[in-house]
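In what comes next, chain A is part of two complexes: it sits with chain B in the first one and with chain C in the second one.
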Partner chain A sequence: MGGILSLPVLGVAVIYGITGIPNFAIGVIGVFGGFVTWYFFSSSIGLAIAIGIVVCFIIGFIIQRVLLTPISEKGGDSTLFFIITVSVGFVFEGMLRAIFPRPNISLELPRIGTMNLGGFTVEWFKIIALVFAIVTLIVIRLMEEHTEIGKSWQATSQNLKLAKLVGIKTTQVFSFASGIGCALACIGAIFWGSLYNLQLSSGWDLGFMGFIVAVVGGIGNIWGGLISALIMGMVMSFSGYLFGGEWQSVILYLIVIIVLIIAPKGILGSERSL
Partner chain B sequence: MKGHYEKIGTIGILLIPLLFVLRGGYLQEVTGYVYLFLIQGYVAWFLFFKSGQPFFGYSVTMAIGAYGTIVLTEIFKWPLLGAMMISAAFAPVVGVILFLSTIRAKGFYVSMTSFLLAIMFPQLINALQDITGGRSGLYFSGMTAFMGYKTLYIIVILTTVVVVTFFVWIMGTKTGRILTLISENDRLTQAVGINTFRYKLLAYTIACFISGLGGALYVNYTGFISSIDIEVFTTLYIFFIPLIGGSSVFFGPFLGALFVILIPELLVPVERYYRIFFGLIFILIIVLLPKGLAPSLRRVFEKIRKKNV
Partner chain C sequence: MDNALLNVSGLTTCYGSICALKSIDFYAHDGEIVGIVGPNGAGKSTLLESLAGSVPISEGRIEFMGRRIDHWSVLKRRQLGLMLIPQEGNIFPLMSVKKNLEVSVILSKRDKREGFIDYVYKIFPILYERRKQIANTLSGGQQRMLAVGIGIASNARVMLIDEPSIGLAPKLVTKFFENLNKIRDDTHKTIVLSEQNIKVLNIADRLFGLEAGEIRFDEKKENLSRDVVKDLYLGSLG
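For the complex of A and B:
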């Protein structure tokens, strides 16, 4: 579970870490990409996944460019972004209902079996999701150290005014980060859709959970988000095993509330302040 | 003086639906529903926008009032009024615990904690479905067992008017002015020697109690409640009421409630596209009218008046 959760969490962390904007629509946009993938699934699995990811990247890019960055430049606060991005989520959830004929889909990716981990059976798929998240994280970190684009991300997230002053096109950096974040959420949704079902409202679950886990890890802190996703994934699995499925989310949210009360800036601390 | 007229005008407009009493039917039913959400909208107006407290648990405090009333009357056989009052009194306990627990945190983190509570609460209701009915819900005759639906409708309207009058009154008192000061600059308020903690505690207590009472009234009026009614979107809709209507004007939440509750009713014929329109309308209002509908409407009226003069 932690492996799958880590992808939308990474998406939230990338967007928030660079733009400073909490995007609550990320899960719905990711699931929209999952539905797009499902739509093209019969032609070619690889192509369908690529289309889904590209569509999400474009959506994230455009929303940031047209809506969020202009509002941010006018001095919008976190609460305003919360409301705006939830409204964007409504629009995409509505589009799912309007465009796709089925409210419940399953992405039948080729099964690769299970493995035994300390007495517990874990699907390889979840391991792949986790490995994918770790590799993505390492790639992001390497890009930040060694490429111009990565350095401009880092500069923008650390000091926006200075970054603008030295000629970095911050608007493009923001849009690119938003696109990457939404694409990661889409990959998370595809993994989710292949293990469970994707429903019209799954985006909210995925997005809220992704955001919550990111907050617990220290929002904007990519490593914190990954560790938090793993812990929360385990909490969900164990609480479901011990108390039954209906208590799974209740226990997760309770723990998250307690963590936020004890450590308001998350496990590893936030790289930005909300 | 202008503000005074605005307050009286707002309360006067709120009493207009009493004219529908004898007509009954769908319009009456929907109006009652709008007013029940208006109570919650004014709670958000008071606590979030006027007192500056980042709280998003309105659906939780409302649900505590509603479920508490049913459980106390149906299972523990308490008298209805006592059950409503005790349930409403329990809502501030939860609100204040949340406030005290998050006292070290700032702004958006506090919002997130209460928002999480709003996400968690319906799941808790589902998990306790033997008592709460979960998604299938609970039916409740409540006040309608010993009074007519029209009388209940009048009670809803009058309670809303009393709640709005109370909020409008309190914002004009010294307490209200201090709460406004806290919302504008918490540190400065502390620096001039005001015990902001005491005032914030008071704001939470008042707001959550009224929200709980509104919830208790809600379940009497609708005769049913389930975890679907108190999903996280309920808290968002409640928050949207003063935001869309305009929090700087007394009648803002009234316009907001009409908008947030009635727009979905109007969009029923295009149900399939309802969420798209709903989301787009919200985005457009927030982007084009950042101060909400009411201040913009007032500006339009003033322009028309000036032209006529």
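For the complex of A and C:
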């Protein structure tokens, strides 16, 4: 569970870390990409996944470019961004209903079975999702050290005004970050869809859980987000195992509330940077 | 001033109904060091921010290198050669000194970049020693050097520096101004700095006196006495 959650969490963290804008539509956009993948699934699995990811990247890029960046330049606050991005989410959910008139889909990826981890059976898919998230994180870190794009991202996230003054094309950086974030959410949705199934409204679960997990980890702090995703995933599995599935979310969200009362900035603290 | 590199006329900048600048005329020639002096709240920072484009202007013209730029974005002005070093938030706090400089040369040709960074290290050797250190762990004076270093590395034709001496120990201020002078002599850049420190008289070729958003004087250094400049501050205090 934590492994799959880590991808939308990473998406949330990348977008928020760089742009400072909370995008609540990210899960719905990811699930939209999941449905796009499903649509092309019969022709070629690899191609279908690639199309889904690219579509999400483009959606994220365009939304940031034409909608969110201009609003943030005019000084939009978090409430405004909440309303706007949730509305964007409903637009995409509505489009899902219109374009894919099916309540739920399942992406039949080739099964690769389970492994035994200290007495618990864990789906390989979850492990792969987690590894994928960690590799993505390491790639981002390496890019920050060694490439101009990565350095520009980091600079933009740390000091937007100065980044503009030294000549970084911050509008492009924002759009790119938003595209990458949505693409990560799409990959998360594809993993989700192959383990469970994707419903038209799954995006809200994915997106909001991604956000909550990110906030618990320290929003914008990617390592915190990953650790938080793992812990929350385990909490869900254990509480389901001990008290039954019905109590899962009660216990999970009570823990979230308690953690945030004790540490309002999350487990590792938010520094709004990568 | 028709042949000036940077030429501003009738510049008015307002925040809501309060105007921080009221129809200012201002200019800077190529290779000059121009000081803008005046008490707190005179509009010095607003003038520099208006020139760089980080604050929208209400009225007036800004011409730079013969082109009218007053409605250009920060980035476009920067590409043409105007660079502002703000008073606060002028470093990338969680990046190393080296990386701070590396992102600042982003608009320059690749084969020139290293040279610009080396020049910053030559002017401020301490930054070379501390190049691997995270910027916000530097001392206040070193952070100020880094901020100016970012400006130098960017190789902009005009550097606008907002109160570089604020908070520096008196001995450091003298040294700092000497460095700015050296930078101008080496690179032939134009430097426009706002200041509250009287020592700016030692390096500026020309001074603008700003008070309550209006120009009080525009004089060459030779024509100004310390008393006149001091009077601008004291007058507003008294």
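What we mean here is this: the second predicted complex is superposed on the first by the 272 of 274 C-alpha atoms of A that agree within 3 Å, B and C clash if a C-alpha of one lies under 4 Å from a C-alpha of the other, contacts with A are read in each partner's own complex, and residues count from 1 in each chain.
What we mean here is this: contacts are C-beta pairs under 8 Å (C-beta built on N, C-alpha and C of every residue); 3 or more make two chains touch, one makes a residue touch a chain.
Quantities reported herein were computed from a predicted structural model and do not represent experimental measurements.
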A:129 touches, of chain B and chain C: first, second, both or neither? neither
Dominant toucher of chain A (residue count), chain B or chain C: B
First (chain B), second (chain C), both or neither touched by A:169: second
First, second, both or neither for A:214, with chain B first and chain C second: neither
Which of chain B and chain C A:86 touches, first, second, both or neither: first
Touching partner for A:161 - first (chain B), second (chain C), both, neither: second
Which superposed partner A:264 touches (first chain B, second chain C, both, neither): first
Touched partner set for A:12, first chain B, second chain C, both or neither: neither
Chain A positions touched by chain B in one structure and by chain C in the second: 273
In the complex with chain A, residue positions of chain C that touch it: 52, 54, 74-75, 78-79, 83-86, 89-95, 99, 102-104, 106-107, 150, 154
In the complex, chain B residues that touch chain A: 54, 101-102, 104-109, 111-113, 116-117, 119-120, 123-124, 126-127, 129, 232, 236, 239-240, 243, 272-280, 282-283, 286-287
Contact footprint of chain C on chain A as seen in their complex: 148, 151-152, 154-155, 158-159, 161-170, 271, 273
In the complex, chain A residues that touch chain B: 22, 67, 71, 78-80, 82-84, 86-95, 97-98, 204, 208, 212, 215, 246-247, 249-250, 253-254, 256-257, 260-261, 264-265, 273-274
